[in-house]
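Order of writing sets the labels: A, B, C and D. Residues in every chain begin at 1.
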Amino acid sequence: MENLISNISRPKHDYIDSSVFHKLESYNPKHSQAEKIPDQDPYTLNGQKLRLNFIRSQLNLDLDFLSGEKVFTNNESLKGNIENYIGMSQIPTGIIGPLVINGSLAQGPFYVPLATTEGALLASYNRGAKACRESSPITVVTLQEGVQRTPTFKFKNVIELGKFVSWVLDHTETFSALTRETSNYAILNDIGINIEGNILILRFEFTSGDASGQNMVTICSDRICQYILENCPIKPVFWTIEGNFSGDKKISPLNTRVRGKKVTAEIVLKKEVVKSVLKTTPALLHEQWRICVSGAKKAGVVGGGMHPSNGLAALFIACGQDVACTGEASVAVTRMEITEENDIYFAITMSNMIVGTVGGGTSFPTQRECLELLGCYGAGKSGKFAEIAIAVCLAGELSILAAMSSGQFTAAHQTLGR
Amino acid sequence: MENLISNISRPKHDYIDSSVFHKLESYNPKHSQAEKIPDQDPYTLNGQKLRLNFIRSQLNLDLDFLSGEKVFTNNESLKGNIENYIGMSQIPTGIIGPLVINGSLAQGPFYVPLATTEGALLASYNRGAKACRESSPITVVTLQEGVQRTPTFKFKNVIELGKFVSWVLDHTETFSALTRETSNYAILNDIGINIEGNILILRFEFTSGDASGQNMVTICSDRICQYILENCPIKPVFWTIEGNFSGDKKISPLNTRVRGKKVTAEIVLKKEVVKSVLKTTPALLHEQWRICVSGAKKAGVVGGGMHPSNGLAALFIACGQDVACTGEASVAVTRMEITEENDIYFAITMSNMIVGTVGGGTSFPTQRECLELLGCYGAGKSGKFAEIAIAVCLAGELSILAAMSSGQFTAAHQTLGR
Amino acid sequence: MENLISNISRPKHDYIDSSVFHKLESYNPKHSQAEKIPDQDPYTLNGQKLRLNFIRSQLNLDLDFLSGEKVFTNNESLKGNIENYIGMSQIPTGIIGPLVINGSLAQGPFYVPLATTEGALLASYNRGAKACRESSPITVVTLQEGVQRTPTFKFKNVIELGKFVSWVLDHTETFSALTRETSNYAILNDIGINIEGNILILRFEFTSGDASGQNMVTICSDRICQYILENCPIKPVFWTIEGNFSGDKKISPLNTRVRGKKVTAEIVLKKEVVKSVLKTTPALLHEQWRICVSGAKKAGVVGGGMHPSNGLAALFIACGQDVACTGEASVAVTRMEITEENDIYFAITMSNMIVGTVGGGTSFPTQRECLELLGCYGAGKSGKFAEIAIAVCLAGELSILAAMSSGQFTAAHQTLGR
Amino acid sequence: MENLISNISRPKHDYIDSSVFHKLESYNPKHSQAEKIPDQDPYTLNGQKLRLNFIRSQLNLDLDFLSGEKVFTNNESLKGNIENYIGMSQIPTGIIGPLVINGSLAQGPFYVPLATTEGALLASYNRGAKACRESSPITVVTLQEGVQRTPTFKFKNVIELGKFVSWVLDHTETFSALTRETSNYAILNDIGINIEGNILILRFEFTSGDASGQNMVTICSDRICQYILENCPIKPVFWTIEGNFSGDKKISPLNTRVRGKKVTAEIVLKKEVVKSVLKTTPALLHEQWRICVSGAKKAGVVGGGMHPSNGLAALFIACGQDVACTGEASVAVTRMEITEENDIYFAITMSNMIVGTVGGGTSFPTQRECLELLGCYGAGKSGKFAEIAIAVCLAGELSILAAMSSGQFTAAHQTLGR
């Protein structure tokens, strides 16, 4: 499969480009300048306007659709996004931050829009963002990317299958060329071969530019499969474009593979901040984390995080992402340690951050406004968006663990929830 | 733990009340009367109005917020649902159906609202609903319900832990009484005991009425734990209200437990309908399902469904559910067989349908309108809503499997997606 | 299912009988008297005799078959254990210990026989036993027991299934009586109900006395099922004695259920012993454990232990257990912490310790001798054997983690392995 | 990592060499000549001698140690395999077959030794072998091989880690050379990079010739790590030779990776044989398989087989394999279909067949005799042994499924078990 090598945009394992080290080491945040969101008048029109004006002036944005000043009437734009349209569901949306990130793609303070009806969610994530901000920027690194489609073929027997595989492996260069003809963005990086009796699963590994890419890779894979079926002398007795091996919208216990972007984030939280902002101690916080990781494993659940899906679902709704991917995207490995200085080291790693900043729902009015809030609208921004997303999750994990470690969790939900 | 028995509203295993059999067997759907949604002018204001007028006349509803005729200004109502509010995210919403259900709680034809920006999603689910409708009602049965909280306690050693457990088991009657004092809806049904070295996880099993219940059970569990901590002579060295053993917003490989409602649905799809509506054959459809269940297992993914999260995320956004639960809720066991008559038997079972029709986001304007579309707004409706939700997933699974089995999948996404 | 309650020998959750606390707290080991195994002349006939004589004098046993002085000729005794017999495979067997245990059923110093051909295995487990012995007895508690059989029934549809379940739940008292008639040892403790579409899985929960019990529960379940099939007016379209839901000889990610015995063990290892015996430090040992638990989770493997299967396979071969159960039995949750005194707290919990001291291979000559070495031959000893087995695993985990933490692991395998 | 490519003995995905097709297609078994094992006098010395004489004359072997005619006295040979030796555990051993295999490495009829004390086990596997033999040879193909070691390194932060990875990737050629210097058999095929916060797991992928290889790859990995630690300017704050990411002696839900050999086997079982030998029908057999695969998935167990661990544990004990690997080795994907001719297609795929024919316990007297029975003693035979092992599992799965499908299972265990 040497002919595939020229198309590899990234190695198939985790990797950090050496240019990233300098960028991360030279970041000099002036986040003292990043102003705090006005939180007075939480449940009045006046408070809403205060916050809108604050963010408009900070970022020079209109936000006319989010604010309700403009109403959607551009029904033509619905084509490709929905059928049997009757109107717009409206989801309450707020902002948290600034979240200060030192990432390989995202650097700076960010005000993050979250759409939810779960009370206490924004308050909790906002507190986490504050605790991080007062300690240090959140370091984030993108490690790998990829989107898969897994066409599956069935044969008379495993011998026929073997001959088919030989033919396929002799034509990978053609498949790369067909991919380039079919899409300006998709790149075919690898073809995995998985054999079980007389069934063959091909695992096409693509990158998809700044789209989340599920449709793009379907179309490219179909083109390749049609070519194979027409030209290969060995004919399968059945084939399908997808054998449910790609992990699309499903959850797997792995973090060794990638779906979308694989990103990792870490921070050292100062012990003073653990006390002043998170109202707990490093020892209690660490004990809470330790028990919760162990509890998840005992329960057989996938992913050891507490509630990354809370932050991700709210961010995905606001920003026009495919919300049906929340389950897979929220699988997270977290790790906490007490440092020699009695500070808290915390890391979170997410392998399935499948997001896009073009296509999908990104161009609808409020979705576009929310992406613009983050400087993430359009081409060249999907990696930045993924890095912001994991930073949000990191902040949320720290806040909920702190609340549970010190008995504030129930109280917060009694006050802010219903 | 005999004292708990009086509080058990349902047994802890799957169960079908005998009154249900008669209800299911006597259902006589006049779904010929259920009219088809007008689908002309898909991407114009006119088409939108046609569909709005159709559904308004069918169901005698206003839908003024969904339609954009009224704008949300009731900021006071945001209390308990969001902080740092700046406005409303707007998600395109359409309807599918009628979906004809013969359920233990939901019976009749239903027009189902789905909010999404993923092209082809509604078209596909709508086609599945049609194939079912033209074959027979979808049978749905609720099997079990429950919401958990898992407080966790750590002791000096396992002997101390053992003494603490003995005390706890002697006071379960008190815990039931405390639950009744704390909530009008929560019922404590069981307490699971899980010991690992010096760590004890108590698994409180509640039912929560028509709320999804996560907050309610937190508050009740906290009350019980405070009582234990004050009164038990054995003191833990650490405790927390949640040891991450409850499965809240996490995915586990099980369908033996329940979180929310456990529901099962089945249908026999006529071979003529497989051909006329689904454009495939029973043999191809069955082969596709078989390969996809096998593929999921090979990939190590949890749940063997194709895309229940697509339908659930869209339904949850429209209807004010906790969208962060989409991952756990969409874990599904599916099963297809070819009958002796060459029809298709298809069943789907979902154990984590955690939904509510009171509290959460259910009372916001568009969310309430969407619940009213289903006759599911307010008290006494959460079971009905769960049964509709699984019927939606059943329809969606059949449609995508049919599309993939006959090569229509890619074409549909090229035409309707982006 | 109240009629089942009278047959419950243990609650279905973890439980420690209060009589155990006094037994554990009053244990006063005189393990200074427990003598060390002579380890000179490791690979000569003379060394073998030294060890045989030592253990013979310590325990007043013959060990004539293990030693090779007597040869098996009792072919009649093979009935019920093997077909097509041609002779005896011979597996090298050694002893470790004394392993000092303070258990709810096993108390005292034990010399443990292990059969293996993997060099360094006994040396490593023996070192772990020494480190424990020089710190304190290993505390072990049995938490739960049970063996399952899961007959499965398929019906025309879910309504028929529901009626069948109602009938079954009305006859549980009869099933208990049938169990008592069929076996002197089996007790039916519970019947789980699991419904998926038109398929019903009954999960019969038994205890099986001192036999591992897989055959016993098969025969009892078959008797019950035959009764149901003859008497229930609702007839399934297919049924089978086992639907592969019992976990028999399979591995699952859970420790909430039990198969055989569920046991937990803990120890505090003194920092001086960590240094003198294990040649590492508490900090390095803890770091190694922490990384290894995290690595297992990242790899998606079930169970976070390092190598419990090494010790268990060797113990099971020596002691006539069902070696095919090694996979399920070796699933372990381990946990390590550094105490305030800078000692090591270590706990291990195993839910599937499926062992027997009657039946199976326990009466063959060398197997009986090995069980007698442990005082575990015959009725009333299976719980004691399970507690010794987990203590062996605890010792082995500590030793391998220590070796890896300080770079001795490779050296040990270069010296003692091949 | 181009410099690694020259060392790749096999591609990292499944692969069937084209030379295999001809070998498989031209196999012309004269298995009518393969004689049936005499099964009279099952539990007498005379019957044992009949079978010993039969197999001695068929294969021209002595079997003096298995038969008990010679006794082990060569204690010097124990070095490298056991410490604290006291004698030999003796495990009853029988033979099944002939098992007729058409494999890429194993071809012909085989008499397979199995060591167990579980009654009915050999009878069941023997029946499965007969059913296969009377239908057609079992086709077996080896797809992939590899053994892993996963050294793990921790750094001050993820930036330091990134610099370390860059250095490592620049020195892979050196690592290949170090491997060649350290072992005559090990080949380093790939290095996987897995990053999580400040922790790096390197996944060294080796092949290990005809040894199972766990020790060999430990020694090679240690050599490489020592080189890295001495020469790389970036120093980790902790490192270990194994981060528990290699899957060694653990079970994972995957069949996409390999540990040892990945092998697949298939057969078409004639409907007449299903009836005459297996005493069931294709429809019942298929229903049983379908329910059992579904049951395993519902229970959350890893692997959908029924009891591969029964056959593998018995084969591993007899043939000097590492019995502690039985759990991982027995993870199997099985698949059954009814063909158009109403015959049964059955396939089994096993990814973790970690076996060896040199080193380990393979040279002890009875172990060597058992390997010689299979023509698998010594260099160049490990692949052949893996192919026989999966064929044994295939036969055992068919037999147990048949027994369960027709109600014979309980009866067999009542007659042959205890």
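Just so it is clear, a contact is a pair of C-beta atoms (placed from the backbone, for glycine too) under 8 Å apart; a residue touches a chain by one contact, two chains touch by 3 or more.
Owing to the predicted nature of the structure, the values given are computational and were not obtained by experimental measurement.
Enquirer: Which pair wins on C-beta contacts, B-C or B-D?
Expert: Result of the comparison of B-C and B-D: B-C.
Enquirer: CA centre of chain B versus CA centre of chain C: separation in Å?
Expert: Here chain B and chain C have centroids separated by 39 Å.
Enquirer: Between chain B and chain D, what is the gap in Å from one C-alpha centre to the other?
Expert: 43
Enquirer: If I count partner chains per residue in chain C, which residues reach a count of at least 2?
Expert: Those would be 194, 196, 199, 252-256, 294, 298-300, 304, 333, 335.
Enquirer: Could you tell me which shape the graph of touching chains takes: line, ring, star, complete or other?
Expert: complete
Enquirer: Sort out for me which residues of chain A touch chain D in the complex.
Expert: Of all residues in chain A, those touching chain D are 1, 11, 13-16, 18, 20-21, 24-25, 139, 141, 143, 157-159, 161-163, 165-166, 191-199, 253-256, 264-266, 300, 333, 335, 345, 347-349.
Enquirer: Flag every residue of chain C that touches chain A in the complex, lowest number first.
Expert: Where chain C meets chain A, its residues are 252-256, 294, 297-300, 304, 333, 335.
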